[in-house]
Structure formats: structure tokens, C-alpha cells
Amino acid sequence: MKIGRREFLSFVIGGAAGTALSPLPWKLMDDSSIWTQMWPWTPVPENGEASYVNSVCTLCPGRCGITVRKIDDRAVKIEGMKKYPVNDGGLCLLGLSGLQLLYGPTRIKGPLKRSGKRGQGDWERISWKEAISEIVEKLGELREKGRPQSVGAISGSDRGTVPRLLERLLTAYGSPNFFRMASVRDSYELTLDIMQGVQALPGFDFENADFILSFGSDILEGWGSPVQMMRVNSAWKSAGVKVIQIEPRLSNTAAKSDKWIPINPGTEAALAMGLAHVIIKELLYDNGFISADTSRFDDWKQLVIDEYSPDSVAAVTGIDAGTIVVLARRFANASKPMAICGRGDGTHPVSLTECMAVHALNALTGNINKKGGIFAVSDPDYIHWPEIEMDSTAAVGMQHDRLDGAGSRKYPHSRYLLNRLPESILSKALYPLEALFIADANPLYTLTDTQDTGKAFEKIPLVVSFSSFMDETARHADLILPNHVYLERYEDVPMPFGMLQQAVGLARPVVEPQLDTRHVGDVIIETAKGLGGSVATSFPWKTYYLCLKETLGEKWQAMVVNGFWSGSKSIDQALKTSFDTASGKFEFVDPNTGLKPQFKPVQIKGDERQFPLLLMPYDSIRLAHGYIGDPPFMVKTVEDIVLKHNDVFVEVNPKTARAAGLNDGQRALLGTPLGTAKVRVRLFEGIMPGIVALPRGLGHTAYDDYLAGKGINVNTLIGPVEDPDSGMNAAWGIRAKLSKI
Amino acid sequence: MKNNLNHRFGMVIDLDKCTGCGSCMVACMAENNVPFRKDESDKLLSITWMRVFRLNNGKPFPETDICYLPRPCMQCAGLHEGHSPCVSVCPATATDYGMETGIVSQIYTRCFGCRYCMASCPYHSRYFNWWDPIWPDGMEKYLSPNVSPRMRGVVEKCSFCYHRYQLAKDKAFMDGGRELKENEYQTACTQACPANAITFGDLNNPDHAVHRMVKPDLEHGGRPQNPHAFRLLERLGTNPKVYYLSSRKWIRHAGDNYLKNEAKMKKPVHHG
Amino acid sequence: MDSALIPKGVKRCPLWQFLLFIGAVGIVLLWGVYAMLLCWFKGLNQTNMNDYYGFALWIWADLAVIAVGGGAFFTGLLRYIFGKDELKNIINYAVLIGFICYSSALLILAIDIGQPLRGWFIFWHANVHSMLTEVAFCLSCYFGVLTIEYLPLVLENRQIDKVPFFHHLGHNMHEIMAVFAATGAFLSFFHQGSLGGVAGVLFGRPFAYREGVFIWPWTFFLFTWSAAACGPCFTILVTKITEKVTRKKLVKDNAIELLAKISGWMILTYIIAKTVDTWYWATVTAPSKGFTLMEFYSNNALYGIWILVAEILICGYIPAFILITKKGRKNPLGVWIAIILAVIGVCLNRWVMVLQVMAVPVMTFDHWALYYPSWQEVATTILPVAYGVILIAISYRYLPVFPNEAEMNPIEPLPEEAAAIEPSMAPEQELTPAEA
């Protein structure tokens, strides 16, 4: 058949009309829309049976109870555990993001051995057997050579069975070099040791206090246990408790407080002394307590009267004398006033004299070891293990001074001075550190002066990380023996810093281990067994689980059922607690050294002419800056005035910016004696002129693309400043300059 | 206005207590399978059903003050029940007003992404899926089956955790069809808030805390009778179900627009 | 080569020149198509739109082309319903321009929505309370009407017309064109209006919100009115540009003048209504929500008060006064200025009612949001322009778009070409007018 133009046209038009009238286009239209409603690349979560598991979150020192919702064997949501002593149902954003860590891409999938250069990121997967024998071999070798002291361990905490096992391993092996990450806890422990003669943690009876004087403690930014503190703060709001916040920058805590008093940075102790001056002069102190329960008050009083008049304190702090007088009266006249210290979220210590000066205010009002005051809380005493068997090698090793100088003649009261370790390694003053174990810590990111820390780590021949995540420290390790993530493991979790209650929570596996990881407790026990001899016999447990169960004894059952075991609240036995100093009284002056609460300016680094400004790190609860970095959800909450794309903003007062010729949003170069970094400027009226504030928690080089490369790590710009009285790092900032690019 | 809803679920956020920590935002993201991307610093592209705004009183140092204000979907009722700004404009009935609960729903599979609802919402509570949601390998394990992940090209927003209401209702039904108790249906943000700043419940129920806290005048568009309570943009007639409490005048003032001669106070500014 | 397709009695450029032109514009078109495919396959992340700018360049382009496309329905209304016979010479072109504008609008909408494959939900799950539903229904229907109005012109192509069926079809369609014109005008009234309603009903956005009658805010009527007023100006503008490009007179002055005059009066009445509306909104509506006029026009240079002055005074009153005076209409430069200003004015109005609505913060602690389009958005917005140019070029070449063209541009055959001219193509023979 010949097809002419007409036929062809008829065919095409007829065909088109026919198709249009058929169900085909309608069916296709419908199908295509149904397809868009179930695109194969958009996940559809599987349904299943819902269940809940109680555990404890150990992502930060806050230690909240959590209830994890599960669907079959998947954990789908973390919620706060109701009735848990710390958080009673609430949970912070880090805890809520925990599943992103559990199932996240930064997890280390199994034991790794470095195959390229350090920090290069080339790894070889090895078996657990190989990994442990690798350690055992190295440790055995060092021990044979008689240098057990050259092995060290850094732990995020020293409480609970896991850190204690690590410490025990070192002791049995023969090394005194167990280090804990520093925090304001160190300042408080030392203060309580000197002034009250006790080895204890402070416990704050916030529930019953009626006037809070915070010397820069950002109780809403993570100081203490974050959720607990926020709940306390809300209770204060309801009860009308006044909170006075003293710090140079309008933090969230300052904004929520009843009064924010800006102060020249680093002069908090001067203000505390000035307040003491007014209180003493106007006889507003608790005379009963001072005369009956304190010692050497007059020694100190003289210093206070002579040197800390409101006018002289005003000159130092920048707070006018009238305000100081009024504040002192309000503090002293409150029925349960409480003064607390520890800048920001308290991840860094303050100088010993500063902590003592603030604590002395509590003594002046007699608000110690009583309702609404500060208590000395001892750790719940539940870990009773057999004596460590020390062979001669261990005994000799333990004779050595610690590398960080803690407990030495210079710093007799200090227990851990990790900040001094890098310098000690680099100066080679004592002996070399030949192997270092790191658990629940990321020192290469969190220690100030990252460069020096890195250099010191380079000198250590063997760095072993137990991290579950590829953090900065793990990246620079030689061996990674990944621990289970907290949601996969058992662990006893004592109450956090600041709590009154003596209780221990139980972290337990919510899900099966997702990867080829191993509990660090088990790795310690296996290593000890591998080393043999007295080291092995010091570890009589087969597994960590058995060790934990045996340690907890009859508490175990209660913990399994309730999620925690609770002893008494210290408050109940408070009145019986006496001071354990030589005098049996509260000491205003250290009888051994003559150290008094006073203002000793911390000599921060930098020349004032070259660096006219002051750089202060600030803490935000939305930026985790400890061992754990921000999971993606948390990064998402970071405001665009803090981080925009990869640029971090520094906060400066408009006056300061104007002087430097900088506008809002402009790029600038931030320089300190340690280095320079590119930042952007944000004008903020809530900060004192002359100060540059930079958030902690950014500038990660490790972790995933959701976190790495964003902003700068403030620790690269700030170095430690040793407190001459304690050896702790008392740096609150560094001198800086801001210039146009 | 007639108040003919069975329930009128609403929220009271105490701004004196809110610390701006952002836990509500994360609780919401975790509960509702909200996706995330490598760069979330452009907040105009960042899906946050619950967003915490930062308010500033605009005064110079040291009189500066800031305040955080969490903003979920306001679940507006409009001038007559169901006349929410967004519900009235959606061309495909993909967002609807629940006459039993007062909650504004969003049907992701019906939405075709015209974004008219976003243009209509003065609170910016609505978010568009500009990208396909992608979870890093393995992370989709934590996705909850109770909330379906949204596909690219549709609008999403806070639902007052409606699935929790359904689960609670199912449970109550199984227990013999009893009424829901106040604590049985709570949103994820309310539950997580470390500061206990968020209270959730039925505004129609005089026994519920939310009712007692703001004393809504249900005859007059739910206006709060507590002098410390306010709603955002009350004057637009959106009739929101989210109330805020603040003891600070400048913050209450920041909740709405006023002409200069109406108030002496300076308007707050964004971002200091 | 394609001379058999070219209408009788008119001269067209050589084919190679034509193809070169089509090719050049085609490249722009392909660029737009590429951008369009990117948007469809990769999603709207290809644009610079965001959660504050859910409506942006495209929606503006959409509203603008519909507004300027309003020339079709209004000219049709005048021609068929009010019997303005002079307009028969421009009606074909008006319809063609309208067809291009409306098909472009639909295409833009298909790119703009996040789920194009579900676009039909607007009909299937229609929410009758939504202005957008009304827009969708009327827009689609009116596009159908425009197609029906355009079809007879296509059928008049010399070769198609030879087919008796098509010849008769075309003839019969002309017979009933008045019905379609009336339908088109009715539909246009509603969709132009509901496009205005899209902004006007936004009671959460005090910048856009207007009071009104029954369910219709004032913007509903203002949009219809302004489209009717400024649409013919666009028709005239495109006609004049076509005349410039082809270097021929294509439409008689009386048609243009009449249209310009009517348009002028429409613009004047519109702009008075707009002024009253703006006044009421600035002094009553906005203040009742706590806003003063200047709060909408501050913060940045882009959305300064100049935009209101430009829209109402410069692009409203000036063209109106030029076009309503005989002197103004007779002055070619005056007409050029007036139609250009009028077209800019209506486009500016649509810009403001879309983009500025998105920019103005409502919550006191919110901020102004500014936006610039991505290249993909620009390309997809230019795509309809290129498509329009091509469709006009093809239509002009092969269809008797301008019934008076041959009469006004008699071909003077060169000696050697004269022989080539077919006997039937005698220059004195008038082209069959489209409606014959």
C-alpha cells in the first residue's frame, strides 16, 4: 500500500486522538505520580515491634539517664529517662543526637594499624588478636627493659570501673602516668583539699539555695551537668531565686540571669575579694560559723581589708564600687547564698586562688555543708578490688615522678596536670613517654596549644587510641582499638560533677555491637593477661562484664531494674560532716604553704602593644567541644551568626570593630602569639569592648564532612598558662589582634 | 469565634525558662526523620520544623539583652476555625485543618510543591525539600517508622508530633476506649526540653496546664488572658495555638508589630 | 525552497537567513531547555530559591507573561463582543502573542513545582478555596481557548488550506469565534483576578494582603484591570518591534491608535484605582496590623520607595496621559514611551506582588531576605522568550498573521524575478484575511 501524505497525516492525527482518548495517558499519569510517592531512593523505615531500653548517656560529663526507643533491633530515638536523678526526663541536644554517632560514618569499623605516615589516614585492618598481641609485645618489651614508667594513659574520666581498670593496669604494670582530662573539677578538688581537708567533689544544693552568684560559670551552657542545671535554673525562675552572672560577655546564662555584670576578663577573683571586703567590713558574715568552724580567718581578713577596697577592686574589674557594695550586701543578706566558679562550661580549670576566693565567700556566709549550700561529696565507695600485686619492676616504675609533675614537691596537692605533659615530653626533663593509651578523650583537639601537643605526640613511639570514632587523636595514632559506642556497652556511671546525690547509673547495651569493636574494659583485661605475671594476677576477671557485675555486687540487680543505684543524699548526713583539716576547721589559709584566697592575675600570653585585644573562647551548648564533636543534627542548630559555610564569626563590640575598621560580616585575620586564622566579624553589643570571642567546638580536622573543616579550633590559637600554685592551666584567653584582610 | 473543636492542642513556651539550647530542635529532627546536609549554615535552606530564633533588645553595651524564642508550627486556626493562612491557599488540599485536634496536617504524597503555603506563612514554619533526603550509609537505621521520610520537592512542617497522638489514641482505644490523659500525648520537643520550658496540652481542657497557664479566651480567638502571655503576630488574625510567656516587656512587645505611637518601646532588631 | 508555504503576496527573507535566525534563537532555547531538564531531574536545588523565597523569578515571569498576554482576551473582547472592527488587523497577532504567553506560563509552572509529575493533583484534589486552584482551572481552559483561536490561523497556511477539510474547519471556526472570545474573556477575568487574589489573600503577609468584597481581595480586580489595560500595550509593542525587524508596516495605524486609546483610558482608570487601593492599604489595612508604609520600603535599595513611585507615577500616570491624548497617540516616540512604560509598569507590579511580598519580614525579629536568581532560573525564564520569538518568526513566515501586510507592502518584482512569480500571486490581490 502506498502511503501518501494524506494517509500519513490522517494516521498520525488519528493515532494521537485515539491514544488521548484511550486510558493509556491517564494510567501513565497516575503511575508516574505514584512513582514519585515512593521513589526508591527515599528510604522507607521498616516497621516492627517497639520497645524501650534504659541506659546512661556518656557523651559528655553530664551523664544523663536515657530511654532508647527501639523498633525490632534498631534504635530509633533517644529520650531522657524519667526519674533519673540527673535529668528526670529531659535531654540535651547532644544526647538526642546519639544515634547519629552510633550509626554514623565516622565510626571505626574494627582494629586498625597505621600503614602510612602518622596522621595520613592510611590504615590496615587487623584482627583483635593481632591488635592485642601488638600491644602486649610492645608493653612486654618496655617492661623487660625496665622502663614501665614510660607508658602513659589519658582518660576522659577517673571515676567508674573502666577508668579504674586502666589506671590499675598502669599501676600493676609499673607506671604512675595515668592522666585525666582537666576541668574545673580539678580546681574545686584542690580547694576542698586545702580549705576543708577532704578528697571530694563539690556538691551544690542548688534546689535550696536562694541567691546564686556565678563568677563566669555558664550554668546554661554546660557547666555542671547541663540538663540538671537547666532544670535547676527553671526551678529558680519559678521560685524567684536571684541569679547574678559575672562575665565579660552576654552569654545565654547572663541573658537569663537576673543581673548581668560585665567584668574585665580574668579579674573574677578580685571581685570575690572585693565582696569579701564589704562583707567583712560591714560585719555581714556569719559570725557563728566564722568563729566556731574556721581557722586563720584573721590572717586572711587583714589581706582583704588592706588590699581589696571597693575602689581598688573597681579599678581592676571595671565594675563600679557602688555595684560591688550593693552586690556584697545582697549576697550576704540572702539566706542561702551560693558563689560558684569555673568559666564557661567548666571544661577548663581556674587558678587555685580564684577558686579559693570564691569558695571563701561561701565560708563567709557559713553556707558550707548545709542545706542550700555547698557540700563536699565523696565518690560512692563501691569499687572494692583486691590489692594490686606489684612485682619489683612495677614497684620501681611506680617510684618515678609523674611526667606531668602532679603530686611533686612543686604541686603536692594536684592529682593530674595533663596540660604540663606536652612540655614535659618536649623538654625531655624527666624521661621519655614511649607508649600512650587514650580512652574517651581527644587531646589533640581539646588541649590548648594544639601545635605543641601535636609535636609532643610525635615524640611518642606508640600511640594507641581506644576511640570509637575517627577523631583527631585517633587519626594520629599508631593503633586504634575501637571501643563499643556507649549504646553498645555496659558501664557503671557515677553521678556527675556538682550533684549531691551519691548514685551510680548503669549504661547498658541498647543494641548489639554494630561493628567489629570491643569493650575497652575487655581489652584492658586481655592485655593484662597477655602480659602475664603479677600484672595478669591483678586482673582476676574473665571479662569486663563479670568484673562489673562482681564489683557492683548486690547493687547490680537494683541497677538493672531501675537503671541506677542510689545511696543517700549527702545532705542527710551533712551536719555531721566536719572539716578534715589539721585544725578540724575550715582553713582560710593553707597552713603548709600560707596560700590565701586572693587575686593573682593570670599572666596570659602576648605583648599588649603587638596584640591590643583579648581573645576569649566561649562555650555554646550547641557546640560539643570535648571528646565528642557535634553530630550533624547539632551542627544544624548552630546559628548562621556563629558559622556561615566554613567561616566562623568572632564576636566583637561595635566599638572595637570600628577601631579596627571592620564591619559586620567582614572577613578579618585574627592573630595571637600562637598563630593566625581567618574569621568573620560579628558585631555584638553584648560583649565588652576590647574583647574578641571565639566559640569552642569548631575547626575539627577529623570526623566527617558534616563537621570537619568548619570554622577554627580555638585551641590552636590559645596556649596554656600554668597556675603557679597548682600547675593547672589557668589561661582564660590570650592577647590578640584583629586586622582586615 | 465559636469553639467547636473536640480538642485544641496547643503549646505554651516559657521564654523566661528557655535557655536557647536547641534541644527542642534536635528532639524534633530525631523524632520526625528530618534530613540534614553537609552545610546547614544557610538557614533559608535548612529544614527545622522547630527553629529557635534569637531576639535582641537592640540596646548598646551593657544594656543589651537577648532572648531565645522557639518557633514550631503555630497550628493557626485563622479567624474562623480552619482558615489557617496555609490551609486556605493549598490548591491540592495537601495541608488540612484537623477538626478533632486543631492540628494543621501536611500530606507529603499529595503535595506537589507549589510552595504557596510557604508564601502564606508569616512564621516561616514551612520548609521545602530542595534536595533528596540522603542519610549517610547506615544512618537510615535510626529512621522511625512512625513518620515517613519526605521526598524531594514537597513541603513539610511541624505536625505537633501527630503520630504520637495517633499512637496514644490507639493505646487508649485498646484500653477500652478511654479518654487520653494529659501526659499521654506530648510532643518530642516538650518531652526533651531540659529547661521544662515547653508545656503541651489541650487548650480546651480547663484541667490541662496549658489552659491554666495562659487562660485562653476561646470566645475571642483564643487571646491569652494572662498578661505575661502573648502570641506571635496576634494582630494578623492567624489565631495560633502556640503561646509564649515572658516577664520581660520588650520580649512580649517583640511578639507583634506596633506603630510608633502605640508603644514607646524600641523595636527589637534581629542579630544585634 | 519553502516558497510554497509562504503566504501569497508577501515577501520573506531567504530561507538561509531565516534558518540562521531560527538557529541563533534556537541556541538560546536549547540553553533554556537544558536548564529546564536540570530542574526536572536534579530538583529545584538548581535554583536560588529558598524557604523565604518560595515564589521567585519564575512566578514573577509567570504573572508577568499572563498580564501582558492579557492583550489577547481584551483585544478579542473588543473585536468580537464590542465589535471594534478596526482591530481585525491586529487580532491575529494578539491571539498569537497570547498563545505564546499562556503556553509559556504553563511551561513555567510545570518547571516551578517541586513534583511536576503530580501537577495534575491541582485538578484532582482541588481545594476550591485556593486562588491557585482557580488560576489553574481558568488558565488551562483559557489556554485551550487560545489554541482554538490560534488554530484557524494555522489552517490558513497555503498548503494546509488546500485540504478541503482543513479549509472548511478553519472557516467554520471563524464563524463561532465570538463564542470563544466571550469564553476567553470570562475565563481571563477570573484567572487574571485570581492571580491577583494569590497575593491579596495572604493575610499573614501585610505587604500583600488587601481587603475586598466577598471572597475577592481588591488585588483580584486590580490584576484583571491592569492586564486588560497593559496587555494591549504589549501587543502593540510586539507588533511595533516586528515591524522594525521586518522593516515593514504590518498593521494599519487606525487599529493601533484605537487600541492605544482604549488602553490609555484603561490604564488611567486602573492607576487611579491602584492609587486609591494603595492609599487605603497604607493608611488603614497595614496600620491595623502594626505596619507603617515605610517599613515595607526600607532596609535596602532594591525595595526602596522608588519602586512604588516608578510603578504608579512613572509607569502608570505617564503612559495613561500620553495615550489618552490625541497628540500623544499621534507622536510615534510618545507611543513608544507609553507602551514601554505601561508594560514595565505592569511587570513591576507583578514583581512587587511576588518578590517584595517574600522580602518583607513580618515577625519583628525576622530579617529582610534578598535573592538573586541562579543561571538555571534565568535560562528557564528566557526559554519562553526564545520560544516566543521562534513561534512568531515561523508564524509570520508561513501564516497570514497580518491581513493587511500584502496591501501595505506591495511587492515590486525585479525584472528577473517577475518571471518567477506565479500568476496567481498578483500583487493587487488582497490576502485572505484570517477571518474571511
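Should a chain be cited, it is by its letter among A, B and C, assigned in written order, with residues numbered from 1 in that chain.
By definition in this document, a contact is a pair of C-beta atoms (placed from the backbone, for glycine too) under 8 Å apart; a residue touches a chain by one contact, two chains touch by 3 or more.
None of the values given here were measured: they were computed from a predicted structure.
Of the two chain pairs examined here, A-C and B-C, it is B-C that is joined by more C-beta pairs in contact.
Put simply, the chain nearest the middle, going by average C-alpha positions, is B. Computed centre separation for the pair subunit A/subunit B is 32 angstrom, with centres defined by C-alpha atoms. In this assembly, the C-alpha centroid of subunit A lies 64 Å from the C-alpha centroid of subunit C.
Chain centres here are Cα averages; for subunit B and subunit C they lie 41 Å apart. Counting only residues that touch two or more partner chains, subunit C has 115, 118, 121. Looking at subunit A, one finds that residues 36-37 touch two or more other chains. Each of the following residues of subunit B touches two or more other chains: 42, 46, 54, 56, 132, 151-153, 271.
Subunit A makes touch with subunit B in their complex at residues 36-37, 39, 41-48, 69, 71, 74-80, 87, 89-93, 96-97, 99-100, 102-105, 220, 226-227, 230-231, 233-234, 237, 250, 252-253, 255-256, 260, 262, 514, 621-622, 632-641, 643-645, 653-655, 682-689, 704-706. Remark: subunit C residues 43-45, 49-55, 112-116, 118-119, 121-122, 124-127, 129-133, 136, 198, 201-206, 287-292, 295, 357-358, 361-367, 369 touch subunit B in the complex.
Contact residues of subunit C toward subunit A in the complex are 115, 117-118, 120-121, 163.
Remark: subunit B residues 42, 44-46, 53-56, 69, 85, 88-94, 110-116, 118-124, 126-132, 151-155, 232-233, 235-238, 254-260, 262, 267-271 touch subunit C in the complex.
Within the complex formed with subunit C, the subunit A residues making contact are 6, 29, 32-33, 35-37.
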